[in-house]
Amino acid sequence: MSDETTAVANPADTGQPEAGRKLLEVDNVTLRFGGVVALDGISFDIHEGEILGLIGPNGAGKTTSFNVMTGVYRPTSGAVRFLGQRVTGRKPHHISQLGISRTFQNIRLFPEMSALENVMVGTDSRHKTSVPGALFRLFRVRPKEDELPEVTATGGIVRTWQQVRRAFAKTFGLSRHILEERAAEDKSLELLRFVGIADRANDVARNLPYGYQRRLEIARALGTEPKLICLDEPAAGFNPAEKEELLDLIRRIRHMGVTVLLIEHDMRLVMGVTDRIVVLEFGRKIAEGPPVEVSRNPRVIAAYLGEPADAA
Amino acid sequence: MNFDDLIGHIGQHTVDGLSKGAIYALIALGYTLVYGVLRLINFAHSEVFMVGTFAVLGLWTAFGVENNPPIGEAVLMLVLGLIVAAVASGGTALAIERIAYRPLRRKNAPPLIFLITAIGLSLVLVEIFGLVLPDLLGSVIPSMFGRPRQIVGMPTIIEQQTLFTIGNTSITNVQMIVLAAAVIMMAILDWFINRTRYGRGVRAVAQNPETAALMGVNQERVIMLIFVLGGIMAGAAALLWSMRFGFTQNSIGFVLGLKAFTAAVLGGIGNLRGALLGGLFLGVVEVYGATLFSSQWEDVIAFVVLVVVLMFRPTGLLGESLGRARA
Amino acid sequence: MTDKNRKAEVRRAGPVERIGDRWRALPRWQRALGFAAMIVFLYYLPLLGIPGLTWLRTDSIAGGANWAGVLFTCAVYVMVAIGLNVVIGLAGLLDLGYIGFFAIGAYSVALFGSVNSPVVKYLQRQFDLPETWAVTWAVCAFLALVLTMISGVILGWPTLRLRGDYLAIVTLGFGEIIRIVARNAEGLTNGPQGISAIPGPEGPPSPDNQIFGLVDVKPWYWLAITFVLVMVFAVRRLENSRVGRAWLAIREDEDAAAVMGVYPFKYKLWAFAIGAALGGLSGMLFASRYAFIDPTQFNVNTSILFVAMVVVGGSGNMLGVSLGAVLLAYLPERFREIADYRWLAFGLAMVLVMILRPQGLIPSRRRTRELKDREAQAQEAPAHV
């Protein structure tokens, strides 16, 4: 990879790493499966507001370190801390509630749910009502004017009925459950628009085209209102135009105030969008720093660029 | 709580438990074999055993065996019984595989569908022996099918006699035969799986079905083989049961099957030697428990053992896996 | 949805699914009207006399056709099916010991409501109460709900972490344990003799009861159908909320759901507890109506019958499981001459439905698609087991 490509694909707005506080600390994490050392004493930090790239050849331990961060694996030694709290050993749903979300390298949507419902599963995790709330709807909240049921019919019994409902809601309030359901739906639709697939919100995830499924994964992960979103090879199988769109999407995610951790094979993509890069090889960190610096590092060139098929 | 009885006759209870557990172990092999290869609980396996007991009863009825026949006739009847029960049980197991499981496998049905089908099949088999056959044959062979759904007695082939006594523990000839026969059957199966060409195919499919298929192992044949082998073991168990307890019933399979499954899980389902260990262990625990509390709680003990094992060591005492059946 | 996809969907849909689609396509007020008509019809049903349909011979009334009695049985089975559907159809957990919860519900009302129960006698002695004293029916009903829910949690807590097929076997064992305890713990349950004089809404059974008597079953049916409607309403609320979404997500991909912040164990436990409570409620009503229970009524076969109702009808779809329940309750009563063969028929029905139409008679749309997709996968790669 030459310096020109890096410079071209590195627009001004992502040039300087923003100096945020430490969001995630990976502290000397080692993971062994039997005799195999998958991760060997890896340490790096993610700062708030940055886009960090995690790269390395196949089998370097990228996805494995992801799995450690999101609670799928428990490290043999070392710790992962998120905003000072230990993440290791916690259950996946708990980690998601702390504010770490992720996508999957091999797409794992809920195939029989619509795109909208997929995102709603994510947004649900921020809501308070559960089984009793859904069942009895006792907890009432005073609704704002625009949340009240509308009176749309022009006359007749339907209009009367709508008026009664409106008056009822005004007097007794709406149940928190209903308001949350509505908020979840609105927010999910908004997220689908954000990633650009709102036109097929009601299609079953399985029937969506490949590119839509990839972006739906991102929307679903954003639904959990993460502080840190981990994207696991989001551009796999994309053509150059789609990749360009994805870069734009990743930048917009950062503008939302979400920190991004990006695992990627495609060097150009990583160089173009990230503030800093961590390079893994055989479960060890071999380099860390701004993209330009890393791409000049001889060890990285030897380890990574020696692998011809991946740079394409 | 009857500690005195338990401690005072601990040897006797252990022997009783072992001879009971040997039968569980033989049935458990059927669960373990099928699970090891297909990752499927063959719920209908308990009925494979039940069919075996009826086959033995049918044979003895056909030959007009009386109580306590002369020794030559007894041996002949036992050998013939083993063959007939093995054929009947093996055939039933194979039929279950062909009729129910194969079409489901073709459709790649989820595991729960297999389980529900097996439950349905089990119900069908129980009712065939409890109702359909009594309706059809009740007047022809009243000694077997005279009273629908009732316990049917069998002739005593070998009279229980104390073979030898150690301390206050006496071991009868029947217990001895049951234990020895069970261990021999196990050894043969173990040899078959670990030392023969067919066994190698079974282990290959259990470890990695795709690779085994690529290497030219005929998967369908392996599946048929394991069902037949499990059936034969259940048939042997049926013969030993008939000899030791001397009765059968159409619904006999349910509780025995559950216990055998518990034994299989206890030893590590998918693990042949685990089935033996689990069966013997469960038999002993059950007899101890029945002595401590009362025999009417016997069945509860097995279920409690099952729940406890699944909670604390779901892979069983020896661990799962038929593929690595070295253990 | 693109045209191509839509066509593919239509092609895959069978006749039953197409009727469902047309129903859903109707305007909202027409559907509301349809529901209202259906409810009126359900309440009118016991007064209906269609020859052939109501031509039932029952042993409880000499020479009389006990149409309402059969309807009551059907309604109780529908309650069971709807409760079990939460566990099997929505949460995807195979519970083979549902009879255990049914039994706990039945015994709750019997032990606390009947003057003949050892528990009530003990309480009378302890607190110097008159010999006619017993807990009121309404309180018993509440107790049944609470006790079954607790037992659901107690059973679910250790076992819901197990794989699906292990869970099935463990629940089967649980159902058996409940029956054996009911049989053996004579000091608590009267053992095999059973408990009589179980109260109804009007108090203990007696000829003076105006509405809920032993002879006229119509009021019992109306009570049961009211329970059914309330249950349908409640379960629909759950199904169409974040709870239903969480169940579906867990069924489809448990790990992905966990990463998205859904705690699978929590939602499975809820499904188990809700299912248990509904089963307990059905058992409570069953015991009240017959005023007598003994342990033999709660055997394993009945438990498997419950599962058969759900899977034959179409798990995941409340209309489907209700149809399954009505068929499996009504047919043996209607054709009593061959009623002995009903277990054989149930077994055969289960096997045939699973092999030929695994989604059930009136399936849930999503279930059908899941199964079809798996089948398509199998055809693409036939080498897999």
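Order as written gives the chain letters A, B and C; numbering starts at 1 within each chain.
By definition in this document, contacts are C-beta pairs under 8 Å (C-beta built on N, C-alpha and C of every residue); 3 or more make two chains touch, one makes a residue touch a chain.
Note that the coordinates shown come from a computational prediction; the quantities given were computed from them, not determined experimentally.
With contacts defined as at the top, give the pair, B-C or A-C, that has more of them.
Higher C-beta contact count between the two pairs: B-C.
If you average all the Cα positions, which chain's own average lands nearest?
Checking distances from each chain centre to the full centroid gives C.
Roughly how far is subunit A from subunit B, going centre to centre by Cα mean, in whole Å?
52
So, what's the distance in Å between the C-alpha centres of subunit C and subunit B?
So the centroids are 33 Å from each other.
Can you check how far apart subunit A and subunit C are, centre to centre, with Cα atoms defining each centre and the answer in Å?
Each chain reduced to its C-alpha mean, subunit A and subunit C end up 41 Å apart.
For subunit C, which residues are shared contacts with two or more other chains?
370
Which positions of subunit C touch subunit A when the two form their complex?
Residues of subunit C touching subunit A: 1, 5, 29, 234, 237-238, 241-243, 245-246, 248-249, 252-253, 255-264, 270, 274, 366, 369-370, 373.
In the complex, go through subunit A and note every residue touching subunit C.
Within the complex, subunit A contacts subunit C at residues 70, 72, 91-94, 96-97, 101-102, 104, 108-113, 117, 120-122, 124-127, 129-131, 134-135, 137, 158, 177, 180-181, 184, 200, 202-204, 206-207, 220-221, 223-224.
Using the touch rule from the top, collect the residues of subunit C that touch subunit B in their complex.
92, 94, 96, 158-159, 162, 164-166, 168-170, 172-174, 176-177, 180-181, 183-184, 300-301, 304, 307-308, 311, 340-341, 343-344, 346-351, 354-355, 358, 370-371, 374-375, 377-378, 383-385
Considering the complex alone, what residue numbers of subunit B touch subunit C?
37-41, 100, 103-113, 115-117, 119-124, 126-128, 131-132, 209-210, 213, 219, 254-255, 258, 261, 265, 296-297, 299-300, 302-304, 306-307, 310-311, 314
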